[in-house]
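One structure is given below, encoded as structure tokens.
Labels run A, B, C and D following the written order; every chain starts at residue 1.
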Amino acid sequence: MTAAPRNVAIDPARVDLRTRMGALHMPHPILAASGCFAYGQQFADFMDLRRLAGLSTKGISPKPRFGNPLPRICETASGMLNSIGLENVGAEVFLAEKLPFLHELGVGVWVNFFGEDFDSYVQCARLLEAGRGRGIDVLEMNISCPNIKKGGIEFGTVPEVAHRLTRACVEVTDLPIVVKLTPNVADVVAMADAVAQAGAAGVSLINTLTGMAIDVRTRRPRIATMYGGLSGPAIKPVALRMVHQVATALPQLPICGMGGILGGEDALEFVMAGASCIQVGTANFARPDAALVVLEELRALMAQLGIESIEQVRGCIRPLPAEAPRDDGTH
Amino acid sequence: MPTQFTAHVDLNRSLGGGYVVLELRADGAGLGDVVAGQFVMLRGEWGRELLNPRAFSVLWAEPDGRFAVLLKAYGRGTTRLVASRPGDAVTVTGPLGRGFRVPEAGRTQVLVAGGVGLPPLHLQARQAHARGDASALELYYGGRDRDDLVLLDDFAAWGIRSVLATEDGSAGVRGYVTAALDERLATAAAAGESVEILSCGPTPMLAAVRHIGLRHDVPTWLCLEEEMACGFGVCLGCAVPVHGPRPYQYCCTDGPVFEAKQVRWP
Amino acid sequence: MTAAPRNVAIDPARVDLRTRMGALHMPHPILAASGCFAYGQQFADFMDLRRLAGLSTKGISPKPRFGNPLPRICETASGMLNSIGLENVGAEVFLAEKLPFLHELGVGVWVNFFGEDFDSYVQCARLLEAGRGRGIDVLEMNISCPNIKKGGIEFGTVPEVAHRLTRACVEVTDLPIVVKLTPNVADVVAMADAVAQAGAAGVSLINTLTGMAIDVRTRRPRIATMYGGLSGPAIKPVALRMVHQVATALPQLPICGMGGILGGEDALEFVMAGASCIQVGTANFARPDAALVVLEELRALMAQLGIESIEQVRGCIRPLPAEAPRDDGTH
Amino acid sequence: MPTQFTAHVDLNRSLGGGYVVLELRADGAGLGDVVAGQFVMLRGEWGRELLNPRAFSVLWAEPDGRFAVLLKAYGRGTTRLVASRPGDAVTVTGPLGRGFRVPEAGRTQVLVAGGVGLPPLHLQARQAHARGDASALELYYGGRDRDDLVLLDDFAAWGIRSVLATEDGSAGVRGYVTAALDERLATAAAAGESVEILSCGPTPMLAAVRHIGLRHDVPTWLCLEEEMACGFGVCLGCAVPVHGPRPYQYCCTDGPVFEAKQVRWP
């Protein structure tokens, strides 16, 4: 029969949580996700931001953007829909007014960015390059913006287009560019491969699934823009599958995993699927310190299972030997 | 400064008509000072189905860490909270948002309440009474029927005059409370009396109050409800359309109290 | 301000639930979904099958198929994963041993079918044609079988391929063919359009989203085949979005909607999004009579909201007029 | 024939060690006759997070509609059931599956139990006692420690000899119960005694029992656990690998009781 890993508990102090995204070394794998952490400040009321491996900012565009009409959010079963409209302060204001706070604090900063069209993506990367050495560690390029016009969809769904866009942005900055992919595709590996070939330092998986909810009493969509992005535990199985697909097909490409992570066990699932680090998104709304909860639960769970380091189990998932009775710890 | 803490249900008091006062006791310091109109985000042990906490105006808060909210079963979250039993754990974030201002000397504050919109006005009245200027307040309170009008004794005890209206006429005048409000403002105008409106209740009522306030050109403050995920300014879900350079402000941080003329409604 | 529909309650007896999928008329819109209702028999213990508008059988292939290794299912947040392996008795046995029971009973029968490759799809349609007039009302062609080999993926994700396959099957039978599409695509409208052009009588939306779950204690996938199909309320927002996209882009194409329907309100959401009928799947496992619960709740809800017929509200969802305060019945 | 009905929790009795006996009362007729090894699918008011019911062997069932299950908190569903309070509603489907057969004259049934695998064997013993042939039964019962060995008094009261084993030696012999079973079968073989094994418990234990039964060539019946969504043969989730023309049978309809030599395990 398939013996389960022995899982002999060890001292939590012995658990080595260090990890890296390509050249970027991190003390542990837990970051806060874009759009769920604003620019960090508000969370300082609730937690010590420096305990995070980093945070991904709200998506930044070259010019400031106002958001979408309301309602912008609604809850669904084990998830929520949002259509905020990529509202943000714009690159200049971000660099001048938001970044210094994070820089002084010394928290790792991933700047999530996008453009309204091809050129403005490149322009945004160029503008943000000014933040290198002033607090920015990574540019997380969001190519999955259903909300933006001008063929915005193609950036995230057509490998050739994503390749060209990534290449163009990589050329204007020395910051590592991690490309955030949309799950709304048939072949996520082709997308990951395309951006990897173009020089991406890694990929973030996944952004939200496009969804809809209806208020049968008002006969209106629950999101003013009709469709919104689905996040939360509901999408975790899709996120894990995509992380595993990409990690298996492109073992050299670092992956930042996310999608429905609420606790340490969720995070460990992503690591075992092949993620080098993970982001906590929607969970921050209910618990501002959600990412730290995930961190402590992850440490405790690894200790309990006798897992000594992230590297030891990253991407360790292998198929089941068929038909063996499972010792899955159930009674 | 808002904090997040765990509280436990002390008492689940039914007021009839489906209204419930939930009294909670913070494990720690609790909410501290609360301005009328400020709110808390509450979340019970809901597992993974209902992810986000729900917003509730503070009905009252004591220095000892106890506080209360008034609610009614509406959807899945409020239904669970209404069913909660003493001892149940609730995660609390608050106090959040900006509340009502205190009455200025010589100006009457007309409180216009509907349904579960009562708490901010109830707290405003409680605090005015504590300061000894409850006399500057009046309550206009409307509902479908008499069961929708709760906690009236408190206002009476504080010596606050109440004008009631119900759609079925089972208490006070028949019809919408906004009609009575309209008359009240006409009288005030005639008498050159200085008044301002503080209102909280169903959005359609607030829309009507806004029009009346604007028409009579009296300062009008609306405590708004918007869908909220976080309550502390990070999800950007609770946008409120406003006039001015930026098309939106945020209900949870800029509000929930907004001045009527600020709000960009038809 | 936006006044909500007046929603004056009417007598449930006055609610007209009749609907049609192209030429196929149905007394009401509620069917049981494929793979969640076997071949019907077991449910006769729990309910009167004739009260259903119909049932979709477990997917049928030309030859019998055995299923996948275990574990085949696992639960996820508001959903479940399955990888049954399209196990079925095969077309001959179905026609000889399963269909007569349903035919005598007089319940509407949608035969969900697939093939291991292009030719076996066509062969299966030809074999099932023999069931016309002997109980089969619709052939529901499942082109979303991640589990099958030989370019199985392409059938469901490449419009041209889906078009050719549909055309070939339509030509060998006079039964209406409803094509069941996979949500694992970037552009579901292109897929729907391709099969419509090929003569499909309608589309079923949606099949399961491909997902994964991991047991961190055993370091194994919770599904033996690694990935499985995600169903249940978790996917409802994605299903509603796709139904609405297709209904809006191709108003002439009848849609059978499904994905996470547990109650009458869920069903009404799908109708308002544009579905002509709906299928109840995963919900049958917890409640064998789930579809009838949905039916009765739908009738009661329509009465309560003063909706007199399905046609009155089918596809009625319009965008919100921006910035109007909503009278959404909240306090 | 299985039916689905609503029941309410009558009693939630803790046996220590985390084991709980949940006594339920059907609103209607209930389960009717139950064969030892048959099970029910239970689902509380779990909203939309946990969709599927959970399977539990019937511990006992009365004609008046009352019945009981033995459980322990394992994951999310069992945790909720263990926490359920009298009056809570539970949806029940059952009785489901095929149970154990009754002892043949002159043959000893050796019951091998582990953890929450006790109920089928407990019911087999109860029914044998009721028929007056409890003497044909013996219990081999293993667990991690003494807390894992519950309801022993019942077997004593029925006059059934029990051999206990715990991994920490806190009750009975130290080690796995399968060691004691092995010896028992050796003695039986030597004495030419006719025995068969009925076993239910953790899968690793069943795998060991299977090997021992096959080695000693005695009829061995295993009550298996497989992930189940429906419990009545429609989801095809609960496949059990078997020898024979078809590679799988179904735990919920062909089982949960399978003959050891039938099961296709290494």
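Everything that follows uses one rule, which is that contacts are C-beta pairs under 8 Å (C-beta built on N, C-alpha and C of every residue); 3 or more make two chains touch, one makes a residue touch a chain.
It should be emphasised that the depicted structure is a prediction, and the values quoted were computed from it without experimental measurement.
By the document's definition of touch, common neighbours of chain C and chain D comprise A, B. Common neighbours of chain A and chain C under the contact definition above: B, D.
Relative to chain B, the most remote chain by averaged C-alpha coordinates is D.
Centre to centre, using the average C-alpha position, chain B and chain D are separated by 56 Å.
Spacing of chain A relative to chain B, judged by their CA centroids, is 37 angstrom.
Rounded to a whole number, the gap between the C-alpha centres of chain A and chain D is 45 angstrom.
Shown for chain C are the residues that touch two or more other chains, namely 69-71, 77-79, 232-233, 322-323, 326-328. Shared interface positions of chain D, defined as residues touching 2 or more other chains, are 48-49, 241. Taken as a graph of touching chains, this assembly is fully connected, with contact between every pair of chains. Against chain D, the residues of chain C that register as touching in their complex are 35-38, 42-43, 45-46, 58, 66-75, 77-80, 82, 84, 87, 232-233, 262, 282-289.
Against chain C, the residues of chain D that register as touching in their complex are 1-4, 43, 48-53, 91, 93, 226-230, 232-241, 246-248.
Across the complex, chain A is touched by residues 2, 4-5, 7, 69-71, 76-79, 81, 153, 157, 184-187, 209-221, 224-228, 230, 232-238, 240-241, 244, 260, 265, 268-269, 272-273, 301, 305, 313, 316-320, 322-323, 326-329 of chain C.
Taken together, the chain B residues at the contact with chain D in this complex read 47-49, 76.
Chain A meets chain D in the complex at residues 1, 77-78, 322-328, 330-331.
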